[in-house]
Amino acid sequence: MTVAVLPFGDAHVEKPRAVLSARGLSKTFGGFQAVRNVDLDVHHARVHALIGPNGAGKTTVFNLLTKFIPSTAGTISLDGADITRTAPAKVARMGLVRSFQISATFPQMTLLENVRVALQRPNGQAVQFWRSLGSLRNLDRQALELLERVGLQDMRHRLASDLSYGRKRALEIATTLALDPRVLLLDEPLAGMGQEDVSVMAGLISEVAKDRAVLMVEHNLKVVSEICHDVTVLQRGEILTTGDYETVSNDPRVRAAYMGNEDA
Amino acid sequence: MTETSLSQPFVGPAAGRAPLRLLAVCIGFAALVAAPMFFYPIFVMKILCFALFASAFNLLLGYTGLLSFGHAAFFGGAAYVTAHAVKVWGFPPELAVLAGVLGAIVIGAVIGFLAIRRQGIYFAMITLALSQMFYFFCLQAPFTGGEDGIQGVQRGKLLGFIDLGQTMNMYYFVLGIFLLGIFAIWRIVNSPFGAILKSIRENETRAISLGLSVNAYKLSAFVMSAAIAGLAGSTKALIFQFATLTDVTWQMSGEVILMTLMGGIGTLLGPVVGAGLVVTLQNVLATSEFPVTVITGATFMLCVLTFRRGIVGEIEAAIVRWKRR
Amino acid sequence: MTMIFGIPVQALLGQLLVGLINGSFYAALSLGLAVIFGLLRIINFAHGALYMLGAFVGYLLLAFAGIGYWPALIVAPLIVGLFGAVLERTMLSRLYKLDHLYSLLFTFGLALFIEGTFRYFYGSSGQPYAVPPSLAGGTNLGFMFLPNYRAWVVVASFAVCIGTWFLIERTKLGSYLRAATENPTLVQAFGVNVPLLLTFTYAFGCALAGFTGILAAPIYQVSPVMGSNIIIIVFAVVVVGGMGSIFGAIATGYLLGLAEGLTKVIYPEASNIVVFVIMAVVLLVRPAGLFGKEA
Amino acid sequence: EPYRLGVLTDMSGMNFDLAGQGSVVAAQMAVEDFGGKLLGEPVEVIVGDHQNKPDIGSTLARRWIDEQNVKAIVDVPTSSVAMAVQEITRNSDTAFLVSTAGSSDLTGKACSPTTAQWTWDTYALANGTGRAITEEGGKKWYFITVDYTFGHALERDTSEAVLAAGGEVIGTVRHPRETTDFSSYLLQAQSSGADVVALANSSGDTMTALKQAAEYGITASGQRIAGMLLFLSDVHAVGLETAQGLTLTTGFYWDLDDQTRAWSKRFGERMNGKMPTMVHAGVYSSVMNYLKAAEAAGSVSGKAAIDKMRTMDINDFFARNAHLREDGRMVHDMYLVQVKTPEESKGPWDYYKVIRTIPGDQAFRPLDKSECPLVKK
Amino acid sequence: MHSSQPLLSVRGLNAWYGESHALHGVDLDIWPGETVTLLGRNGVGKTTTLRAIMGIIRKRTGSVAFDGQDVLKLALHRTAHAGIGFVPEERGIFATLTVEENLMLPPAVDRGGMSVEEIYALFPNLLERRSSPGTKLSGGEQQMLAIARILRTGVKLILLDEPTEGLAPVIVQRIGEMLLALKQRGLTVLLVEQNFRFAAKIADRFYVMDHGQVTDSFTTAQLPDRIQSLNRALGV
């Protein structure tokens, strides 16, 4: 069990233990080093933002953490267990679940079914080929609650393919939450959402973070400043700095590389 | 997306109200029980066999989205095992059928293990190639009797006292197997497991991220489909009392696809209707002037171009449209 | 005499050369498949039938129009290509928006149809087609007698493979084609006449099959079943190569031809399944195929 | 209701040329020549295409017998279908007149009292060719054998004949069915120093092998090629250029004498000038003799008619020195022929020169070696 | 106010996805050299409007006059040659093409497009990664590439769907500057944008959409007066 030692920021505030931590994570794509020696600690009950210019390697870090692509070097541990060599589905079952940058739903299924699929496995109802479909009704209440949380309850019988882009993202988050993950990785959850949805979603994220760890990639700095406890800035595959939003946003290097003269 | 998906969303049960559905099932059952009084029993049995085979195939294609071009291996393989079990080991019919199904499971597990590593068209090509390999195996293996096949397989006595040599006994035995198989498929499709299969078909990456070991699910579905196809093959060996190479050729794999396509991919009844049509067509063509392959080929093209949903699929769609109005 | 695998080196060399010749056919056929698949995402099940068609057109040209091998080498692929173009325009093009499996099924039906038709009119045992006089005879290489025609097959198929590779990987046309594979609507929205491009591609792929067919005519019997005999093996070749690249299709074709040639000496009984066995092994080790890119 | 004869054949597949439509025509000719009436009832020929599938063939045969008053089933290419049909004809007392199917098992292990295997079997071709060529001086044999039961049987039977006639087998290579390229095997055969390269395979494989043998100059280099199973239609298909010099055994050749020419001419007139294969002639002969036998026996029962044939004098343009044995084998003279060179050939279909006649009792498997349970030993 | 004819004039545009009716009579006009922004909540049909103008959706009625030509009747590939360029929401970068091939892909339809050097100067990331496969770029890099390749072709009107989505603030600023620069060159842009503040910096006029129709329109000058009602309409 590694105890987080933070290079910057409010080290004096006692943080809960790191649920997910990575050490020396690196990835090379045929000579191009996309991620270099990244150390990361994600803590329980905190929202951790991963920001950085486009192409900095944020999505790649996500892919590495969830084992969707194998890392070139480094170790990852989840709740103290080493998951460096674990299969992606297994990692998900252990409680590390992600959403995708390009929205990912089951298009020809209704919203309710979308969420229910995610509920099936944790409830031991995934391999039952001998029971009737009706036996899944016990999951409906829970599924509906999740849809409600993202404001999609009224559309529960529509097909996911009929949704607009923004709503697909909302559905995806509901599906992800269905797994009740211990660590939630969100890749630009607010991208493409209308103004009206952004604040709802941001609220949702900080609420779910109360009893789990959240790591998110986000370009909407307003939201980052409002809901994220920790911010890690990635540049050219390397960690530029880590700290709270205040510290990070005043770092001249971060302003130059990422934020420009914009204020949240 | 609706149009691009090979498998139609399942609309079957929605097509009628519960009492109506029950009535339809009863009429269907009565028709099957009475069929041998009006039609040539062997012919009806053959249709039942192929209907079961096509339904097994459809379990994979229609509900998992995997197009197998090698299902003949399970069908024909099981037939060989059953024939061999009866002829050489002296198994009673029920055990021989069981042996055939086990054989199909083994073959299915091996082929499936390799094939599920790729998707879509690759999957189709791999199953085709592997089943062709199995064909060569059957051709060259000493116990399959080469071109002659295993002939003169006795039907024996079911449970030691029902003489399957009697056509009617055999018919009801086959009918029983058919109903059992169809029920199994229906159950699998409309089960929690079936729902997972559907989600995998829709978006595999997402399914993985939800913690589902996608390959294990696919392999299970593949093996289930193989087992039921094997059940059909074993039964066929007993009906016709032989097992030959014809049932392991790639043309046979093609035929089962045609049956499913004609009847309606992803519908419960489609493969049954399709099998009935194709088998009847073959019999009609057998005494006509038309070259069979040309007709088969043309039917394939026509189905794909004009009524992809198949006969049952089109009817169901029409009912749904009509209801909306 | 030196021995390898218990076989005289000379014999082995001979077999390798024979394998190379076979590989030429595999390469040319899998290349055609790869072109059509790579750009249209269609598994052209009818490829074998079109290959047969090429050979038959050659035969018919000779029998009814007195057109000999050399002109036929140009004319036959053109005719087969034209046939492909008509087919694409009238039927296949309606299937692009659908699941790719439909086009597989369609071309499967097409293969049955073409093959059945020819069998109906020309029987199943096929027609003879002679080696052109200018390539008759052979050369004694010391370790084997190499028929001149076979040497020509190697050269011709290699030239066609390289030409195609260049066209697709190194020209602007190629980049249109590759892009259209992924998102035809968008490419068309950029102002490229995609429907025409797709027709051209399919026709080109068919012409490749036709060319291989006429190339094969003097070696094999011109028979309605010649295509279905070879197509499944070519499918396996394609799986082994991985459809990612044109180059992969070509290289794998030659490689598997050689592997098969070797098997014919070492353990001939298995020569028909060696390609499938290799396929299984490759799938276990590298599911994407030797040259394929994992999606 | 008229009596019917069912010609169950392959109308769309690989046996179409050697049997197919020609078999139908031959059967019709026989019925016409017989006068169209059997025991006072009209006789009709009906046709079925079994598509080389035993289930279709056997369903059809059963239906014919049960519902359409079919009294004899004729021809039946593809041994798996023939085997399946034989079970049905045996159980329903229907005559089974086999012409195309050549599996020796039909009159061996699986023999039936209602079957007459009329034209040829693998043993006769293998044995005839093996023995005759060895006696002609081809002592050292090399086999290119298709690797399954059928090929193994051909090879075994031929080898026995070769050894019996004082020859030797110096090598064998087994190839899978539907091989597209025989170069490897041919090269091995070429360098083996054999006198005779024997092709123990069939149809497509044989033709490809022949074509490629010509390409590699096998005959040109002094080796002789023997086809274990070849029909006139195969030779026609590959052409004389390729097939010249090939030695094979056949049960019939159209150009043997005036009788055969006369019949073949009539056949050809109905078949766009095609000359009959031995299968076609065999269909005619078997149907004609069946009709005679049934008439004589006064019964259309398969067993009665076939039994009658056993005691009858069988003699026509096809069947010379012939008789039907108790195992169902029709024994008749066979011919060892060699394919002419293009120069020797004087016109269309002038393909064979007859090297020698193989008397029936030498050509076929002796009765005392038969595995048929019907044979009283 | 506008001297010339509109470059693009849309009247009564309806469009369907299969059976579902997505646009219910959209009317809008764009004059040469303008930058016009479409605003609206998620799913009101902004993207659909762009697709229908371009002809990517085939099932549509109404009229779309561009440069005096009715583009509704044109085959899809002719629309580009008429002078309209499209940057899709999902970017549409080709995986089998390198970055440079992606860039060079759309045929030039007119003179006046940017040169490759100018483009690389604008987007140095692309230069650095020009020989890697297109989809190996990060999301933001892909967005740059998608815009860049249309700039090359010399079209008169660019349909730009949410160009800032998923981009780092610095890049957003860069794109804003770039769009202003393009405006200087006289390029006409129809922009769909959720990022209100961003749009305000570059647009001349706004259209507001709801339920597949244009419900409101105003100029940037009128913006301060409208902010209230707009926030209500957009649900902010």
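Each chain carries a letter (A, B, C, D and E) given by its place in the written order, and its residues are counted from 1.
In this text, a residue touches a chain if its C-beta (ideal position, glycine included) is under 8 Å from a C-beta of that chain, and two chains touch if they have at least 3 such contacts.
Listed by chain with UniProt protein names: A, E = ABC transporter ATP-binding protein; B, C = Branched-chain amino acid ABC transporter permease.
Just so you know, these numbers come straight off a predicted model, no measurement behind them.
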item	value
Minimal step count in the chain contact network, chain D to chain E	2
Mean-CA-position distance for chain E and chain C (Å)	44
Centre distance in Å when chain B and chain E are each reduced to the mean of their C-alpha atoms	51
Intercentroid distance (Cα basis), chain C paired with chain B, Å	32
Multi-partner residues of chain D (at least 2 other chains)	12, 147, 176-177
Residues of chain A touching at least two other chains	none
Residues of chain C engaged with two or more neighbouring chains	116, 119-120, 269, 272-273
Full enumeration of touching chain pairs	A-B, A-E, B-C, B-D, C-D, C-E
Touching residues on chain E, where the partner in the complex is chain A	20, 41-43, 47, 89-90, 125, 129, 132, 136-141, 143-144, 162, 165-173, 194, 196, 234-236
Touching residues on chain A, where the partner in the complex is chain B	66, 68, 87-90, 92-93, 97-100, 104-109, 113-114, 116-118, 120-122, 125-133, 135-136, 161, 175, 179
Chain A residues within the chain E interface of the complex	29, 32, 51-59, 101-102, 162-167, 188, 191-197, 219, 221, 257-262
Complex contacts: residues of chain E adjacent to chain C	54-56, 75-81, 85-86, 88, 92, 94-97, 101-102, 104-107, 109, 153
Residue numbers on chain C that touch chain D, as the complex places them	11, 14-15, 18, 21-22, 116, 119-120, 123-128, 130-131, 138, 144-145, 147, 149-150, 219-221, 223, 225-226, 229-230, 261, 264-265, 268-273
